[in-house]
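This is the structure I have questions about; it appears just below.
Chain nomenclature is as follows: A, B, C, D, E and F, assigned in order of appearance, with residue numbering initiated at 1 for each chain independently.
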Amino acid sequence: MQSSLVLQNLLSAPILFFFLGVLAVILDSDLEIPSPLPKLFSLYLLLAIGFRGGVELAHSGLGRLVLLTIGAAILMSLLIPITSFFLLRTRLDPYNAAAVAASYGSISAVTFITAQSFLNVLKIPFDGFMVAALALMESPAIVIGVVMARLATTGSSRSGAASEGRLEVEESGGLRWGELLREAFLNGSIFLLIGSLIIGYAVATFSPAGVEKMEPFTEKLFYGVLCFFLLDMGLIAAQRLQDLRKAGAFLIGFAVLAPLVHALVGLGISRLLGLNQGDSLLFMVLCASASYIAVPAAMRMTVPQANPSLYISTSLGVTFPFNVVVGIPIYMALVQRCIPASLG
Amino acid sequence: MKRIDLFLNEREVEKVCKAMLKAGAPGYSVMRHVTGMGVGGEISEAMDFSSFGANAHVIVFCEASLLQALREAVKPVLRRYGGVGFVSDAETF
Amino acid sequence: MQSSLVLQNLLSAPILFFFLGVLAVILDSDLEIPSPLPKLFSLYLLLAIGFRGGVELAHSGLGRLVLLTIGAAILMSLLIPITSFFLLRTRLDPYNAAAVAASYGSISAVTFITAQSFLNVLKIPFDGFMVAALALMESPAIVIGVVMARLATTGSSRSGAASEGRLEVEESGGLRWGELLREAFLNGSIFLLIGSLIIGYAVATFSPAGVEKMEPFTEKLFYGVLCFFLLDMGLIAAQRLQDLRKAGAFLIGFAVLAPLVHALVGLGISRLLGLNQGDSLLFMVLCASASYIAVPAAMRMTVPQANPSLYISTSLGVTFPFNVVVGIPIYMALVQRCIPASLG
Amino acid sequence: MQSSLVLQNLLSAPILFFFLGVLAVILDSDLEIPSPLPKLFSLYLLLAIGFRGGVELAHSGLGRLVLLTIGAAILMSLLIPITSFFLLRTRLDPYNAAAVAASYGSISAVTFITAQSFLNVLKIPFDGFMVAALALMESPAIVIGVVMARLATTGSSRSGAASEGRLEVEESGGLRWGELLREAFLNGSIFLLIGSLIIGYAVATFSPAGVEKMEPFTEKLFYGVLCFFLLDMGLIAAQRLQDLRKAGAFLIGFAVLAPLVHALVGLGISRLLGLNQGDSLLFMVLCASASYIAVPAAMRMTVPQANPSLYISTSLGVTFPFNVVVGIPIYMALVQRCIPASLG
Amino acid sequence: MKRIDLFLNEREVEKVCKAMLKAGAPGYSVMRHVTGMGVGGEISEAMDFSSFGANAHVIVFCEASLLQALREAVKPVLRRYGGVGFVSDAETF
Amino acid sequence: MKRIDLFLNEREVEKVCKAMLKAGAPGYSVMRHVTGMGVGGEISEAMDFSSFGANAHVIVFCEASLLQALREAVKPVLRRYGGVGFVSDAETF
């Protein structure tokens, strides 16, 4: 069963296009998706997934299970960066440890979308409110990451930890909360996702005719644009693999094992909450995935002492391909073993 | 006259340009989507889909007397986020 | 009734995305739709609206009502800039008065499209030939604007009116007609709109199978792309609001009252012509809207003495949001009061 | 019959948008489709045509006729550049002769797509395996072109043929095979086309549900995007026409006659192979068309001594419009005369 | 040798470059999508969806003897539509 | 310090930048999508949909002592594929 799930995933169009991108880099093809086309795809995917999630949320309503699930999701996005930080701190300076930890506490929307497509092909249903969980898991990890970095360096300031030749500039004693909160909650991609979610909710509630008119745009194009975006992700992830040598075995190991461990915790919570099979997979994927869009942008601004190539390479070069290629089918196999189908 | 060339991340451009205007710069020009290599490693456009940002090239032509004020306006940002600056001689065309 | 129309408009997806863009600027989010993506959406919308208009024009034919309506539309695009010019001249120099007047004589395709979407949701029919009126109202106002500027400054040349530090360069005694006509009729957006209209007409007439093949592209995507474009318009309009302080109370008042007055005149003409309710709303919107695509580009080239931030801020920062958010439902309420539904 | 085919082609939406682009240049409109939007359309068209071709190939299988047709196509892509080279050599230096010859041996995907649209409108069926022929005809001509240039200049090196002020740099005695093969087989557009073909084949074979999910993206949008791309091609082709004065009468004659002759040879082979009417037209178009995407990019790298404006102007400025506007209907008329419809 | 840097609206670039070639410029390079600030106010890319246009940066390397001719070719356009120009010294690499 | 400005086709940029780093350049900045005119004729962005490529503008600030090494690293590429280079004086800002 497990191997057939892996195979089914490997032979799906989005994953094959991801491999095509990787292959292009390996063979040194000059295939390129020039800027800002990847941004177009990314904006589209966020808008579409947010809008659809909002519409489905309006249909399902904000019941007890919904609120509990969202609460559990936020809790995970607070806990994961804390535990990850202490683990990473054994080998990394506080800035880099905090930045990597924040990535793993946050989520990857594209991994989530790929898991949804996987469920669609298997014809396993899932609920729209999971998108709300996705949207609300982005920001807390950013705040935790910055706070950890600050706590770990206060007192030990001027510690010589200045990485990459950057001087650490302690400014007017402490955290710039305004900047931090803006990066955490008003980052363009988080803002668009949450905004589209709310718009989808409002339109579905107050003018349902509008939902139908959006549908060809948000539904029909989705799979194709996902393929295009994954082609680009393949190109970028493969380029990032070269940076990994600098990251070292410890970080690579973390990038593979952390998703597995976080997914298992997610599985336990899903069972406790009584989620159906589809939602359980999505919850596991939220826990297991690491951010490479919102968090890196936020970390560069709020923890400029950390080295971007470390946190981008681990999340985008290792964890993303791992989740998308083998993680999702493995998690699904675990779901089928541990979550009763009858609940679905 | 002097010509100042700054290379820094796109996301700090607005901050830097405002600071320079306040310090008396008569104008500036900005080119975004600049890639490059410096002590902070390689900067490419590959992460452009996030708001991580590539570099920008900022050019200011100004009187030599303004140099010191502009330097003070720009330095804190370059020191915190990275980026380099160079000066050369120029004249009005 | 009126308030329900306003609410229905406010809660439609395109308007909500417009607000999302405005909110992003207010909250200082870094959400951005990088160039040239807005151009892609704008090219798409012009091509699609032109093609669809052409197809519908081919079906309805060029009857007496069609020609009368188009004639009235062109007349309005000649009269509005003249009356506006004299009103604006009381406070502005001739160059700026002419440039603002030209904007208000011309039209905003996006406002028109938003009104069509509004009618679609209300299930009120309208005719394809209104797109022809739209297309033919763009250019005359540009010509009038430039001619007014020239007439008002001839003799009083070297008047010190040079705005924004630009020297006024009187060249070989007078108007550069070649450049003016090119800007008025061959401006890229006008050219694409009229070209697509003619192509839609030709394809519908000579190879109807082609219409069906275009339909998924020009129809299904339309609403979604409109949402995306309005998100960007929200971002830009909100940025423009800051420029308004420079514009002053007089211009802001003009930007709100001119559309109302022009819409009322449009309502009177619609009634005279015997247009149905849908077409009446569209005619009012054509009169009430101000150009922020074709006219600013043309004015910069032909009246470089005028200050772009004045004419762009008023049309894009005030009149566009006003029309799209409250204007359209207000005009609709007036239409429902003054135009018999049975004619529809 | 022939004139009605020409007319039917001329009045199709893609061709009309092509003319609109040409007209924009002639009238000096500022209509422009800014970079990288044309690249987006081109990537989309290659991905969609490849994926669809792969799906259809999976359905039809790799039978004897398929293999024979593909073999014949590759043969043509080897023969055409050789015969063209010797003909062109009578007037051009070896570098330019080789570069132009390579263009005509290779193919134009957009011409092929336009021919498919033409067949669709006529409701004449054709087979998916023709896309495989298309994909495999791109590279051989590049290799032949470079080899011819090298053979013709070896011994006569330092010949003063250095064109355009470039010094000819003979490097370490001979052909850079690595670079050549990379340009020939890993050029981005060739790589994406072949990759999408294989992915379409794999998805259709192993997870047919995925084909359905791609369909709105790869099928429904196709015609509209083709129109947009041809609008841009019209703009570019018209700009190229100005370069033609430098090319001279000989090259212009070649650019019109070569497609006709190659199409006739293609017709003969189609008849020999027993292809149906649709496939015969596509085979003729493959032979008749000249590359202006993959080959120019490859020639600049591998034969930098040749003058790009010569090989781009002939293929893009003359042969492309010729094929798309009058060539395709003429070839179709020949097909209807020489290929029995009953075989279709 | 001299290096000329011009900053002007994208829409005037073609006109200016043609005029400079006619005046003897051996070549030029153009960067579009330049934003900036000058006496004419702020120029952004926000209006890029219209053909309003952002700025362009035009660079010309030429012999000092050409300066005067190029200045005369360029000045009318800069005076009518705005834009600035600067000169500095350079050598072939 | 010296400032080097190179203009060459986008497709050779990677090669050239790697060669300069190897020769000791402390960093570089690259602007793509540059159009222009030189002895090789006009280069536009119109063929951008193919991978034919427009020009790039490469800027390197370095010590004068490095000039010769960088020149040797860059020249073979410029000679084979076209492109030009210029040097001028500069200082750290």
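Simple rule for what comes next: contacts are C-beta pairs under 8 Å (C-beta built on N, C-alpha and C of every residue); 3 or more make two chains touch, one makes a residue touch a chain.
Fair warning: this is a prediction, and the values are worked out from it, not measured in the lab.
Enquirer: Can you list every chain that touches subunit B and also touches subunit D?
Expert: A, C, E, F
Enquirer: I'd like the angle of the rotation relating subunit B and subunit E after CA superposition, in degrees, nearest 5.
Expert: About 120 degrees of rotation relates the two copies.
Enquirer: What's the farthest chain from subunit A if centres are computed as the mean of the Cα atoms?
Expert: Centre of mass proxy via C-alpha means gives E as farthest from subunit A.
Enquirer: Among the chains, which one keeps its Cα centre farthest from the Cα centre of subunit F?
Expert: Taking each chain's C-alpha mean as its centre, the farthest from subunit F is C.
Enquirer: With residue numbering as the guide, point to the option in D-E, D-F or A-F that repeats C-E in over half of the contact pairs.
Expert: Answer for the repeat of C-E: D-F.
Enquirer: For the pairs C-E and A-F, output the one whose chains share more C-beta pairs in contact.
Expert: C-E
Enquirer: Can you check how far apart subunit B and subunit F are, centre to centre, with Cα atoms defining each centre and the answer in Å?
Expert: Here subunit B and subunit F have centroids separated by 20 Å.
Enquirer: Quick one: report the Å distance separating subunit B from subunit C, using the average Cα coordinate of each chain.
Expert: 38
Enquirer: What whole-Å value do you get for the distance between subunit A and subunit B if each is reduced to the mean of its CA atoms?
Expert: 33
Enquirer: Give the residues of subunit B touching no fewer than two other chains, as numbers and ranges.
Expert: As it turns out, subunit B has residues touching two or more other chains at 11, 31, 33, 39, 48, 51, 88-89.
Enquirer: Would you pick out the residues of subunit A that each touch at least 2 other chains?
Expert: Where subunit A meets two or more other chains at a single residue, that happens at 30, 32, 34-36, 39-40, 187-188, 216, 220-221, 297.
Enquirer: Okay, what are all the chain pairs that touch?
Expert: Contact pairs between chains: A-B, A-C, A-D, A-F, B-C, B-E, B-F, C-D, C-E, D-E, D-F, E-F.
Enquirer: Can you list the residues on subunit A that touch subunit B in the complex?
Expert: Interface residues on the subunit A side: 35-36, 38-39, 41-42, 164-167, 169, 187-189, 232, 235-236, 239, 292-294, 296-297, 300-301, 304, 307-309, 312.
Enquirer: What part of subunit A is in contact with subunit C in the complex they form?
Expert: Subunit A residues touching subunit C: 35-36, 39-40, 43-44, 47, 51, 182, 186-188, 191-192, 195-196, 199, 202-203, 206-207, 209-210, 213-214, 216-218, 220-221, 297.
Enquirer: For subunit E, which residues count as touching subunit C in their complex?
Expert: Its residues touching subunit C are 9, 11, 33, 39-41, 44-53, 76, 79-82.
Enquirer: For subunit F, which residues count as touching subunit A in their complex?
Expert: It comes out as residues 11, 48, 51.
Enquirer: Mind listing the subunit D positions that touch subunit E in their complex?
Expert: Going by the criterion above, the answer is residues 30, 32, 34.
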